[in-house]
Amino acid sequence: MTLDPSAAGVFPIAPTPFHEDGRIDEASIDRLIERYLAAGSNGVTVLGILGEAPKLDAAESLAITARFIDGFGALPVIVGVSAPGFAAMRSLAHAVMERGAAGVMIAPPPSLRTDEQITGYFRQAVQAIGTDIPFVLQDYPLTLTVQMTPKVIRQIVTENPSCVMLKHEDWPGLEKITALRGFQKEGSMREISILTGNGGLFLDFEMERGADGAMTGYAFPEMLSAVVRLQKEGRRDEAHDLFDAHLPLLRYEQQQGVGLSVRKYVLMRRGILSCDAQRQPGSTLTAKARAEVDYLLERLERRDGKLASWLAAS
Amino acid sequence: MTLDPSAAGVFPIAPTPFHEDGRIDEASIDRLIERYLAAGSNGVTVLGILGEAPKLDAAESLAITARFIDGFGALPVIVGVSAPGFAAMRSLAHAVMERGAAGVMIAPPPSLRTDEQITGYFRQAVQAIGTDIPFVLQDYPLTLTVQMTPKVIRQIVTENPSCVMLKHEDWPGLEKITALRGFQKEGSMREISILTGNGGLFLDFEMERGADGAMTGYAFPEMLSAVVRLQKEGRRDEAHDLFDAHLPLLRYEQQQGVGLSVRKYVLMRRGILSCDAQRQPGSTLTAKARAEVDYLLERLERRDGKLASWLAAS
Amino acid sequence: MTLDPSAAGVFPIAPTPFHEDGRIDEASIDRLIERYLAAGSNGVTVLGILGEAPKLDAAESLAITARFIDGFGALPVIVGVSAPGFAAMRSLAHAVMERGAAGVMIAPPPSLRTDEQITGYFRQAVQAIGTDIPFVLQDYPLTLTVQMTPKVIRQIVTENPSCVMLKHEDWPGLEKITALRGFQKEGSMREISILTGNGGLFLDFEMERGADGAMTGYAFPEMLSAVVRLQKEGRRDEAHDLFDAHLPLLRYEQQQGVGLSVRKYVLMRRGILSCDAQRQPGSTLTAKARAEVDYLLERLERRDGKLASWLAAS
Amino acid sequence: MTLDPSAAGVFPIAPTPFHEDGRIDEASIDRLIERYLAAGSNGVTVLGILGEAPKLDAAESLAITARFIDGFGALPVIVGVSAPGFAAMRSLAHAVMERGAAGVMIAPPPSLRTDEQITGYFRQAVQAIGTDIPFVLQDYPLTLTVQMTPKVIRQIVTENPSCVMLKHEDWPGLEKITALRGFQKEGSMREISILTGNGGLFLDFEMERGADGAMTGYAFPEMLSAVVRLQKEGRRDEAHDLFDAHLPLLRYEQQQGVGLSVRKYVLMRRGILSCDAQRQPGSTLTAKARAEVDYLLERLERRDGKLASWLAAS
């Protein structure tokens, strides 16, 4: 299974489940996989920013990846390999590809500023990991502080045939999708897959602008799948209705630095994670914040008919 | 009318209306004032970041301020006086206070990093404008890149008796409100007013954490007023119901760099502004974006019973 | 007198002299002018970052500019007009050009990141001030955080015929001079003047790379003039000998944030400024730092034969 | 051999020598060690920013460290263990300490802004590696973008007894040394060692302000040793004379991003490295830059009597 530009649908960004004492929680990984598959996911992304990758040692990183690969069977697993140096990036990329990953994801380091620095970095990264490993270009200025214009993305795509997908999480980002799809229409850029992130905060309109799906960690991947499907079927109002029902919680999850603890808490409340622990350094929800999330879940349950059964199924 | 720590409710951040040719549009200012008052605003803030203040010359800044002061009568008008140098800050602050402003708002310059730099800057700013002018401390890290901890805010409040209000727009920011109110409860910080910004994205919970109201530019100040009032009356579910109905549009407005053009467009659709022009350099909405906002307005109208009459009244 | 691409030699960046009580010190301005002219300056730049421009109100800015224009007679005076908004930039630019300035200098605001943002900003700035005002492009990443590649500079020069000079103070910056001169040689960029800043820290080699001169505030403009002249005459070793004699002090002056207080102190020691006061917010030299500068001046005097007479002439 | 607060003198920051094909060049490491010892070094620091640490895989990092430990015998070897996550930091720290390192060096990640974030990070880092491993606090704002005030450094030192040394490379930084030594004098901070970096650009005065020595990569560690010794003996003029002779080259080396290639080139010219290759991504000196360095070496040789013999001894 190798990632190619036809990839579409929902690729959840998987958190890494830990026990309270910091050990990796394999049983929770298995439940995550089961739920992602039941939610109609088309693949999964591990060791991303959300996945607390820098807190894992090399052996753990590989073990987690392997567990997802085995669980997802024929479906593609993408592995985040961003690293401060190319030596570490190369060795992780090779290890996970040999183990059966479908591709890797690379984020630019925060020090990059000019267009030339950015395009140069990706040329070097591809040279480092090898031109035969499909990669996902991560465009996430809010966290990474690197700003890529549509032209810069086009140049990276053009210079590096192994770039098969854009993880789009610029904000605001709707016009960027339109610009990139415009490049393809006019023939100035080859086809790539565009999956959107940012917690799904604009997924409703991103699908209408031409995104192929979502790659993000919102704790109800069922909603992501349904919105993507409804939009592809042209059922716009229904897509927005479902999306809007989730937006109060989704917005709450999509808080820089706090989001992961909200997500782990919701996934625990849903019975998927056995606990919401993070490895150090991590954030924890205050009692007030937990109560707020509980309230949002109650409200969501009332508005979204399907939610009741999801929670029941936990 | 002088601003003091008891200020509460909704202070809309006013945009500056322009004609297509760039001249200031006084008739639209008057309609803005009328609507803000009808929406139950408790004051207004002009010449903020949203108000395109750096594109105005000194005479224009003063003329706009004067028009709002005259229109708001006994209600307080706050004027943004942030400037790269204290000379300009002082002369604008003195001019608007003499003309009847209730207080000024000061944002820290982006170069500040350490706690000492930040507290030192506000000591100097207060020395520059004079200790008798009430001021609002603007805490907006996402745009200003300056990060103030609750302790730093407490120190600024303590060292500068003329600091009467915090414009809170940290993100995430709920715990910051709780921390500051906790300082007051334990007696380590005197009372100040806290009004929240960030386009209102967390207003529902900010009120529950202890905010006194909202200071932001969302194009339906009626909603802001109603949510603030409902929360103060303890009608939590109703507050969230109304808030959630607006959240899809509110989230769309709250996009960095794009937000102003969305707001001006909505205010024009509502018949308040005669056009949605910005002075250069400004952003304009694409046709796709306008259609998206139109769609959100239609959906909002369907969900929010009161909206129909608001639009009708335009 | 209008600035054009043939400008060359030394344009000191003038500090703004203040009395201890913060008033502008006109007598010191006159002594500065006298010394700059005696040192063989080919022009002067006022209201730059070093000139504490943001601490001046509009009337003061114009008065200082006028005094330098009158003092420099037929020689060109460049005026810094960088401002957070185009309204202020335009009005200052027009005012100083009407009063007889030769051109203006524009620095990009710190928020710019991508190549398109940077080139777009200068198109808009030129539109704002008018295409008939010659301007100097300031490239100073260390302070301004904006990084312009040689290609971006070429694009700005090409798109804006009124760009006549680059104030080069990238660091490291030697290869940038070589790249820009290479563009001119190959015919892909028209001729512009390149004067270098950064306190002169690399002036010795910048001249060899193709710079036309220096635009910086080192407190011994006599050295800058002599090094520029010696290099133009091909007297390389002598140029370096003189430069090296000054390097210990020059390096001490070229400290971010502290530099201005060192310069004002040296200019006071030289009898040019009546005192070394800065307007608030400003930095002051500690007693230890003053003693260090005194020691460096003593050592310089011992090594540089000409220095003795300079100091004597004070 | 364990690092403690009495450490003083010169600890060169070692570059990592590579062959042209990217393999590690052990023979050059051995010559580096020999020269460092001959120059009177009191220890050495490996795997720092200069050491291209992110381009090394785990096995290589350990092998290089071991070679330096064996070569330095009883003298302390400090190992840079900064990493994006604590898992990697802990495993490298434990591995090198078991192999005989004297301590580790930790730099803060660029995302830290407020005083609380910075002090919190070091508490967590110490918890991660263990409180029994002596560590050096690296304060390098120009590259790391993290600004620590003297008070923040004092808090880190006070909260973490295993902090035994400050690698001081703030710029400007002279007053910081004075402030920290002042804290010690007044009894508000315990004794720590302060070694200075920044390429040595202010070593002359840093020693006079109270530094214990230098930890930097200037390609003539002999000069660093001599200046440190002369200053400790109170031979101020001689210290400055020697320092000033090297300053033109030292300044050339101390260019962000270019410095390493200059240093490797000089070390190659001195016969210590067999070549000046860097691993990708790396910078290379242009022909013009090499010629400039050659010229600076010639001039240095003429001014510094001892240099001739150093080069001859290669």
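Chains: A, B, C and D, in written order; residue numbering restarts at 1 for each.
One rule holds for everything that comes next: a residue touches a chain if its C-beta (ideal position, glycine included) is under 8 Å from a C-beta of that chain, and two chains touch if they have at least 3 such contacts.
Since the structure is predicted, the reported quantities are computational estimates derived from the model, not experimental observations.
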{"item": "Length of the shortest touching-chain route, subunit B through to subunit C", "value": "1"}
{"item": "Subunit D against subunit B, contact positions shared by both copies (same if over half, else different)", "value": "same"}
{"item": "Separation of mean Cα positions, subunit D and subunit C [Å, integer]", "value": "34"}
{"item": "Subunit A and subunit C: spacing of chain centres that average the CA atoms, whole Å", "value": "48"}
{"item": "Graph class of chain-chain contacts, one of line, ring, star, complete, other", "value": "complete"}
{"item": "Subunit A to subunit C touching residues, read off their complex", "value": "113-117, 147-149, 151-152"}
{"item": "Residues on subunit D engaged by subunit A in the complex (per definition of touch)", "value": "53-58, 60, 83-88, 91, 110-111, 120-121, 124, 127-128, 279-281"}
{"item": "Touching residues (chain side subunit A, partner subunit B) in the complex", "value": "171-172, 174-175, 178, 201-202, 204-205, 208-209, 240, 243-244, 247-248, 251, 255-258, 286, 288-289, 292, 299"}
